[in-house]
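Consider the two complexes below, in which chain A is the common component and chain B and chain C are the respective partners.
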Partner chain A sequence: MLGKHAKLERTAIGFAIGIIIVASIGGLIEIAPLFTIDETVEEDPDMRVYTPLELAGRNIYIREGCYACHSQMIRTLQDEVERYGPYSLAVESQYDHPMLWGSKRTGPDLARLGGKYSDQWHVAHLLDPRSLVPQSVMPAYRWLARNDLDVSDMPLHLSAQKKVGVPYTDDMIANADEDAFGQANPDSEAADGFFERYGFEANARYFDGDRRKLTEMDALVAYLQSIGTLSEAASKNNEITKTIPDEGGAE
Partner chain B sequence: MISQLTKTERETALFLTALLTLSGLTLGLLGRNDLLGYHGALLAVAGMSLTFLLIKDYYKPEPDPDNRAKYYDDPIKVGLVLALVWAVIGMIVGDWVAWLLVFPEATFDAGWASFGRLRPVHTSGVIFGFGGNALIATSFHVMQRTSRARLADNISPWVVVVGFNLFCLMAATGYLMGITASKEYAEPEWYADIFLTIIWVVYLVLYLRTLARREEPHIYVANWYYLSFVIVVAMLHILNNLAIPISLGHAKSYSLFSGVQDAMIQWWYGHNAVAFFLTTGFLGMMYYYLPKRAGRPIFSYRLSIISFWGIVFLYMWAGSHHLHYTALPHWVQTLGMTFSIMLLVPSWASAGNALLTLNGAWGKVRDDATLRFMMVAAVFYGLSTFEGSFMAIRPVNSLSHYTDWTVGHVHSGALGWVAMITFGSIYTLTPWIWRKERMYSNKLIELHFWLALVGTMIYVFAMWNSGIIQGLMWRAYNTDGTLAYSFIDSVAAMKPYYVARAIGGLMFLAGAIVCAYNVWKTAKLPTVTEYTPDKPPLPARGRPSAAAQAAE
Partner chain C sequence: MSKPVRDPYTGRMTTGHEWNGIIELNTPVPKLVLLFLALTFLSSVIIWLLAPAWPGLNSYTKGILGIDQRTTLEHSLEKSAIKTAQWRTDIETLSFEDISRNSALLATVRDHGERLFEDNCAMCHGPDGKGGDGYPNLVDDQWLWGGDPETIMETLRVGVNSGHDEARISQMMAYGRDGILTLEQRRAVAAFVISLSSSDHTTPEDAETLSLGAEVFEQQCVSCHGPDGRGMQSVGAPNLTDDFWIYGGDITSIDNTLRDGRQGVMPNWDERLSLADRKVLTLYIDDLAQGASQ
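Then we have the complex of A and B:
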């Protein structure tokens, strides 16, 4: 064994190839099956996609690094389910390129944030977190209300999303900029097209409360209100697990 | 520096800087309506400045051909200085964001100054800026000395050093502007990722070519570790960053992967960035500088083989322990946990090998702060790998995950192991390559040692406390079966620990500044002409030495 290794030590290329082979095994065995085993991701035929405005808001969430302090992944632990809601399923983030599961909770988990608070609460909280939660250590995001939202590139965004596998239709892609505007201006003509493409139950509101302009605040609040609402699989799953009698298992 | 290049090399360098300028201009033109334009401009300005520097010295006399028989240390010096510059920047930002959690209003109402944008500046600044530059610089040193051969050429080391730092600069400035792919420790966007891939290939080729010139039959252990760092980081970087940009004129891209697959690939990357950037590279450093400084051979060759292949094999399985109890399939979590525990064997084999090497040199450890840095680093390496395996156990992870305990764990590794072994190596290497008798001040090394050690202890203890308290508060129940604390209760409870952490970090930062000052002053000491602590490169077989050529 040592003799063989002494031989290997004499060739840099051999050593390099050895490293590549030995280092590849773990990843191959753990990652490749996740793409091939069907049970990895649950099926939800009713799952919807992010609207253009929500996607723009999600990009702001990414830009500001919100994921550094907020997770979007409720673990299968009792206290987490009681604190945040039904535990997260893989299907819920199947359109999340990239996923935002997070790794740290300096602030609370946000996987079930959508619909939990009003738009006004979110706007007030983002402008001045400590006005609502005195002990909060979250930064204020006042510039979001000042910055106009640029929607002109939204067709490009949706088109790239389609390329990586999110089922946007050509119609959605072509009208993405109009739809982003329409969702934040429910009384406008653009809103009709938005409802047509994304369904009448879709949220269209003056998210930031300001009817005059479309801001980054509109987009971010629209996104925050959408988190956890793309699929109902988790809450349905929660109902099922509730009906299973307790077997006394600790996990 | 440029005067050390021959005419042909100066021409090649000019071609490359022109190419850099051109790429920058193209990127700037494509991205003129997007933030991408700024990075195009950054590359173009860098390319033009370098071109100007080259032209300025273009007609200087060519170097003495005899120099080519010596080691090439100029890129090492630049890499070391840049490592210290990034260390100071990265740690200032790190301590600043630590204070932001105490004083959250200190963001000047500006996006660039908020926690979420500054945090990656800290992480990339210290991991890639400080760690990366230190690894590149020391690897150039180690590959030459252990091969007893000069770097394979005089241009590619500069491509690696300059290119890598431009990547770091794009990363840091990008975060401030809001350019981020959001993958932790892999935040830079597609164009910066492609740029780094090119630089990395040049690095690997340079490494292999230099090793090919070696006159020692065996490749020394330290090189195995550096090689695994270069190779595996390339594999991780390429797979995790696969993405489709929304257009060639935009910085924004969307990851090729989503949801659970994306999470697994991200933490396969994330955990192995810890393994192959922050562990194997620095083990390479340890395997060279620690025995050199102690004046003793490595304790066990056999142990170093076992630990090397153990680490390369086992680490790649461990990433999924970042995803316990999540929507990741249970079988992958279990594999991740199992391999994380097995990982303790090669980790402790390395740490033990280092500490046993010091057997018989404990008197030196007592008297020499430089060697003490390396000894403490080995101890922290052993402690944090134990802690890591422990935290990877699923029920332990249920408490520790998402809390400050993780942050404490990372910093016990990053401050205690990575930074300490680097500082020890820097203090060993600096007088060596600048040809000085010794460091400018041993007292300052001693001061730095204690600042670093005490700072690390305060930091880690603060985060252990806050992390465990958080975890316990989140899962605490009242007797009536309701949750005992609201989330904000746990936030409020963190305050004293956040203050303590920021103070510990400040001490560590102060130590890094002391180090930078000491290195600066050392470089200004009178040069010792006949000072040769290392054996000279061997004249290569079939390759007439420069001295022989001159004699003809």
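Then we have the complex of A and C:
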């Protein structure tokens, strides 16, 4: 066997192919079966989709690199469940293309952020993080409140998401730009269509507090308030952390 | 390439490679490394047998121990729940007075409450609970919705303008934007409101402005803030005669409030925090307030 290895090492292309084959074994065995094992992704028929405004905010979240410092993945560890809430389930990310689990926490995990703070808090915090959290190292994102939100390409974003499996209807895609405006302007006529398509439970507010225009701040705050609220699977699944009185802020 | 030969100094064979007279020794991998490799492999075989490991087409090997991350987590949460069950039950069942007389429970409140407060409340109300621009002070004796423990706990549960089904609802109307008051009227009533605060809070406005302000106040403000401007806790209307201002107490800030209205939001903690946690926080806030007043 050792003799054959010496022979393989002397054949550059053969050796490279050998490395590729060996290195892919791990992936084939660990990743490929996830597509056929039922348990991989839980079912949640009641899960809602991101609204166009939330999706636009999600794109800003990606653009600004928020994922580099904030994870959206509560692991099955006691201290994480106690601090952040029920651990994350795969189904919660089924409409996340790409997923934003992140891999590093310079700031806290955001998987259960939706509804935890007020819109005003988010706006003030994004404009000047240290005004609210003195020890914060987060940069300020002042341009979000100045930049008008470009919603003209939202139908394209929705149809791209539909291609990868998010169940947007044709009606949702066709009216995505109007709905993005309507969600941030609940007193406008556009809001009627938004409520018709996304229901009255959807958050429709003047997210950035400025009624005159639709800004990137509106979109990002709408997205932040939606994180963890698309599916109730995690809190239902995690009965144990709901029923027992535990340390910290677990749900 | 030359033929492998035995090296006279080490006694090992050479590989047969030679570069400008430099010959490579064919030293085998040390036995210790091979031993560790074998042990590592063996230990993974043991773990494969004990724990969930190899995936198949529709399922995976569950392992003899039948453990997984989720059940392990449940066990550790159960364990810590048993450890804290005693004081949690005490906090849930005892009255606020009984808890404040019990020094052991009070120590738990301070310890656990500090962590809860930092995780959930300090973001808006500040680490010392003194509030800030847009967020009420929790350690003074002025309360929007009432400062007795039961009321504080209820506010924690349902929140203010929070979207909770039983949320406390409070809204300061947008007198300017909705065209109810003119700029002159707003400025006058703002000056009047400032004049309520304290005697040393002198305003540059003349008596005529103040009387116009008083008139506007009488028509528009008393229904929520009361005839004397002391607020009304049933609708969360703040006291305008003290020196604490949530949104600023200068004439421009007050005018902004009058123009665009205010609808402050306090999130609800019904789902996020357990009953014991909310009670601990209520007691912790009370403790903070006592510390601040000393």
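Operating definition for what follows: the second predicted complex is superposed on the first by the 237 of 251 C-alpha atoms of A that agree within 3 Å, B and C clash if a C-alpha of one lies under 4 Å from a C-alpha of the other, contacts with A are read in each partner's own complex, and residues count from 1 in each chain.
Note that in this section contacts are C-beta pairs under 8 Å (C-beta built on N, C-alpha and C of every residue); 3 or more make two chains touch, one makes a residue touch a chain.
Predicted model only: the values in this text are computed from it and were never measured.
S.K.: If we overlay the two complexes on their shared chain A, which of chain B and chain C does A:S103 touch? Say first, second, both or neither.
M.R.: After superposing on A, A:S103 lies in contact with chain B but is clear of chain C.
S.K.: On chain A, which partner touches more residues: chain B or chain C?
M.R.: Of chain B and chain C, the partner in contact with more residues of chain A is B.
S.K.: In the overlay, answer first, second, both or neither for which of chain B and chain C A:S235 touches.
M.R.: Once the two structures are laid over each other on A, A:S235 reaches chain C alone.
S.K.: Answer with first, second, both or neither: which of chain B and chain C does A:A124 touch in the superposed model?
M.R.: second
S.K.: Between chain B (first) and chain C (second), which does A:K163 come into contact with in this model arrangement: first, second, both, or neither?
M.R.: A:K163 contacts chain B only, not chain C.
S.K.: Check the residue A:A174 against both partner chains and state whether it touches chain B (first), chain C (second), both, or neither.
M.R.: A:A174 sits against neither chain B nor chain C.
S.K.: Return the residues of chain A at which the contacts from chain B and from chain C coincide.
M.R.: 29-30, 34, 37, 39, 76-77, 83, 87, 133
S.K.: Quick check on the complex: what are the chain B residues that touch chain A?
M.R.: My answer: residues 100-102, 104-105, 107, 109-111, 114-117, 119-120, 175, 178-184, 204, 208, 211-212, 217-219, 224, 227-228, 231-232, 235, 239, 243-247, 250, 252-266, 268, 302, 305, 309, 312-320, 322-329, 332, 335-336, 339, 398, 401-403, 406-407, 470, 474-475, 477, 483, 487-488, 491-492, 498.
S.K.: Inside the complex, what are the residues of chain A that reach chain C?
M.R.: 29-30, 33-34, 36-39, 76-78, 81, 83, 85, 87, 112, 115-121, 124-125, 131-134, 203, 211, 235, 240-241, 244-249, 251
S.K.: What residues on chain C touch chain A, complex-wise?
M.R.: 54-60, 69-70, 72-74, 76-78, 80-81, 84-85, 88, 112, 115-116, 119-120, 123-124, 127, 132-134, 163, 177, 264-268, 271-277
S.K.: In the complex, go through chain A and note every residue touching chain B.
M.R.: The touching residues are 2, 5-6, 9-10, 12-13, 15-16, 19-20, 22-27, 29-31, 34-35, 37, 39-41, 59, 62-69, 71, 73, 75-77, 79-80, 82-83, 87-109, 129-130, 133, 135-143, 153, 156-157, 159-161, 163-166.
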